[in-house]
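Below you will find the structure I want to go over with you.
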């Protein structure tokens, strides 16, 4: 449906460019009667927004969300909800010098060839700034899922470069600017990021998202399996290049006899499958890992071509994250929430439970 | 849309259970004027069908496809195309003994909880037998893509257990029953499979699919990126638990300076991104890797529960593949073809090229 | 979605040409647990099928339906249901003589221009034969609506030529071949049809469809109002050229003070609005009227052009209905059932009732 | 898709309540490269907006549109276009007195029953104020259709009460506040409206919309026929209760021999069918008539019930149109434009012309 919408019943449609007037979103299909205010959305928006620490982009956007419709006397009415964030710290002039160049590793080249025109200011629609609206919409889903089903969604940084972060303390995740769950790795990550900033380089990352207290039964055979829809939603996040459910690529050299999640009367014995069986949630914790490539917007020169097709060397200036994987944590949580919300409503439609 | 459809303009909808009457499919949105006959579909169906070698399931299905509509005097008319395969070697009685048990690692438990009823005969709709229709529909897409754009799609087995298979000889792939591209690994794989069959065990696999000669410009920002739609389509294949585009998880500990695909006037210097930039095809070869878990249908007993929730031990009998990853190769190719076809038409709709 | 599908959650996709191999359908999103057998569908199919009386087309099709999937031990499983009817009395040779002509009033010309190719045998996909599958799918919806909500759907012939038929006796409708609800008009209609057959001419008709016991709340603002979705579904039936909800065109010269359906504690006082307020069902009986044009397939010669654009005179031979409005009654009922079913499930998804 | 979206490829999603903060819209799938500015939209918005003459609602809204995204250096980029109108003359306090009452003939009752909550201020989402965004989105479609295909869309008032207005002078339509095409009827209509205002009553209307220079081939068999999709779009406009294509209900007592549009080498001889054959545009002028009921918001008291179900008598105050049919003209034009635009792109997708 023209690309800027996601979801069948809980349906999110977004607009907005990095250095344009505003970002916006329409969330349709929200169940009526949910208490909802702007602050419910702002909390997650603040987790994502830049300029919050020296370790991410220095662009200063307050990302102040406005709810323009669909709420009456504090509750959702069932009508479509309009959301708006005005861009405050746009600097289109920063991009004048690259308007004829295709930044390597970016969407500049593909947008130009696809559309014959492109908003070169900070990548326009291809910028990760677009994801603010995913977070806003996801916060609505998160609230409903938690209040009605006690479903908890949590993401964290599980690897950056060669530093692996195990899930040690849930509290730790929000207590550092990297969403790192292991307090002993925080310092190390800070040093890595600082070193990268100094060198003008960037690095990849792996993040993990989990959902707990899922009911059994979410997901629709055969194409709209829960894992398939999650893959769609999560791979649509900028820079995501890989995805695993449960054991993922570890299954490649595993035997069937050591990979099945056996069951007993007290429940599943293991959770290799990451909470999904046959494309349908099993009630076990949902577990997904994402690989994010390092941003190509770095201070180290690279070869590229200009609009005339000539080879040139360029450096990407602007205010960029040394590791886009970090801020991807709240974005991935939001996409997960949107998919779960949609499937909850889809399941209720056909099967009538809940 | 209720789960059994995929694609927006080139749209595939399927039905059919493993041990039911028949499998069927409607392919809608096929451009008119394409020469098409049953044999065009049969070729790929034969690559997928069981009973073709001692290394896969011994179920003997001819998988004879019938085209029931949408063709006139040898060409597509633009009307919806109905496809049908009757099940010939169904053996529902094989499953009588497990009708009250939830096979571990299978969809039995989740289907039962979701729908309150389940066709326990060979997994019913959750069986990989369902994928025959994906292959039939994909063959239509493949033909159009090749004839109108010279787009070539090729999949192969890239790893099984610890045996890695490099892409050495395209011809080799179809010359062995494993879709292995390295002639020196064929024997080793055969031995592994035989050993597994003897032990009644199974194993995971990694497969790779490629597309060449793609035009620049396929994919729609922001949710329907080409990689996002591919992830959806490919993760919807039974047993797929992981997916990578280009370098995938290797990006996690790569630097931005070593990950960008630089460009010069003679084209891209590298293809780390796997042919997709900003969610849109770059014109480079498309490269996707999939991880498949080992089938849980094995002869080694495991613990599970029955419908009453009691712990029992069971063995899965039936005619199963020791490695479902092998036959996934033509299936993954087909899903790739369906997505590319849909995005070609979507691009033509909005942008008018092609 | 490529045109051959209808519905969002209860979703019907069809294929098949008038003189092709078979007609088929996939019904997706059916709630699990509904008792369903082929006879449930056959009853309505028989009401629609030709050759049942001397007053409709003499084509003899048994329209024997087969259910190919989605049922297990007599009940729906929640999986997609495949349906099939093989064409038995196709006579493609009847159309050889008109393969280069565009029958006036038919889709021959528009299909040719749209697709550059057309199945000229009896109109191919544009034939009303296609509607058999609507009736089959609608019968599933009807059964669910009646069993779970006591919703009753009834259509009847309300006018043919200048003969108006009031809704006098429900029993009368099925007791004559015209779906005429007034026993005193049956003879008159029979004479009209016989006279038309003799002259080789045809006539228009008006039909009415009703639904009783609808819950309040079906329909979604703002584009998917219940009346809007009904209009879509009903105008998609061959030959329908007009539609009214409730008083319809009579409202044009009515005052507001005489058009409002006032309410008192004992309910609505009138039902001018035909059971829909603001696009949402009000709980009153749903009332829709349709105008059908006379078929253009008649024995009286008319001017047209051939594929070369030259003027020619032609007569449409073949086995045609003198009044296509008659057999439209079960078709319109089915489309109404499909829309209501879809909106029931959509409502349940968002609002959780039912 | 949750009701607030229309179109498959050219896709419009809206939000906003009558007395809320703002109205908004996202238009997705717009072809890149179209020159577009706010004034292109404002022209049609001004034709629709209230307070422009003494004959419509006295609510004073400037309906100033802002384009928030999707345009770069004056042209569309292919990205989603965000549109916004802030409400300026909202008077929620006007509705305090009716917050517990269900206005007869309005959506108050059905919204309350459907959602369990309702924004009672001016009907909230059910208000015709919502249609401003249809007009804004339609203006984009209109511009593209005219610039690329010379397609002209024109609506007019064809009947109000018993006053029939024939299409005499195109120029006349925009020269009077009633969109009346017959200069000799303007005075009479003005008098009728004044008399109604004085009595506090309202009246129905019939409007006609036309499109010229349509290519042959728009519309998709079988469910998404052009007339079916038009019916959906047009019946979704507030107060529309009837629709005819071409001769519409006149066909009911016409013979086939007098209803066929014959063709000769110089084209069609007549246009009874209103420009659509078999659901596909024939290249003849498209002709659709709509019946609109009189608004129920009148100063004459009527019986209704309150939230407790008790019978009460009430009068609807507020600033209402004596004939909502008048301002429906630009709205209907816009919906027609949206449907044509979507079908042009859909046709281009599958068939590749244009």
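Letters A, B, C and D mark the chains in the order given here, with residues in each chain numbered from 1 onward.
Everything below uses one rule, namely that a residue touches a chain if its C-beta (ideal position, glycine included) is under 8 Å from a C-beta of that chain, and two chains touch if they have at least 3 such contacts.
Nothing here was measured: the structure is a model prediction, and the numbers come from that model.
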Between A-D and A-B, the pair with more C-beta contacts: A-B
Recurring contact interface, reference B-C, options A-D, C-D or B-D [over half identical by residue number]: A-D
Subunit A and subunit B, separation of their C-alpha mean positions in angstrom: 26
Distance between chain centroids, defined by C-alpha means - subunit A, subunit C (Å): 46
Inter-centroid spacing, subunit D versus subunit A (mean Cα positions, whole Å): 38
Shared-contact residues (touching 2 or more other chains) in subunit C: 1-5, 8-9, 14, 29, 32, 78-79, 114-116, 125, 221, 350-351
Contact footprint of subunit A on subunit D as seen in their complex: 1-5, 8-11, 13-17, 20-24, 26, 28-29, 32-33, 66-70, 72, 75, 77-82, 84, 114-119, 124-125
Contact footprint of subunit D on subunit B as seen in their complex: 8-9, 29-32, 78-79, 221, 345-346, 348-352, 354
Complex interface listing, subunit B residues touching subunit A: 1-6, 8, 14, 102, 104-111, 113-116, 123, 125-126, 130, 159-162, 196, 201-206, 216-217, 219-225, 227-236, 238, 240-257, 259-265, 269, 272-274, 277-283, 291-298, 300, 302-305, 309-311, 347, 350-351
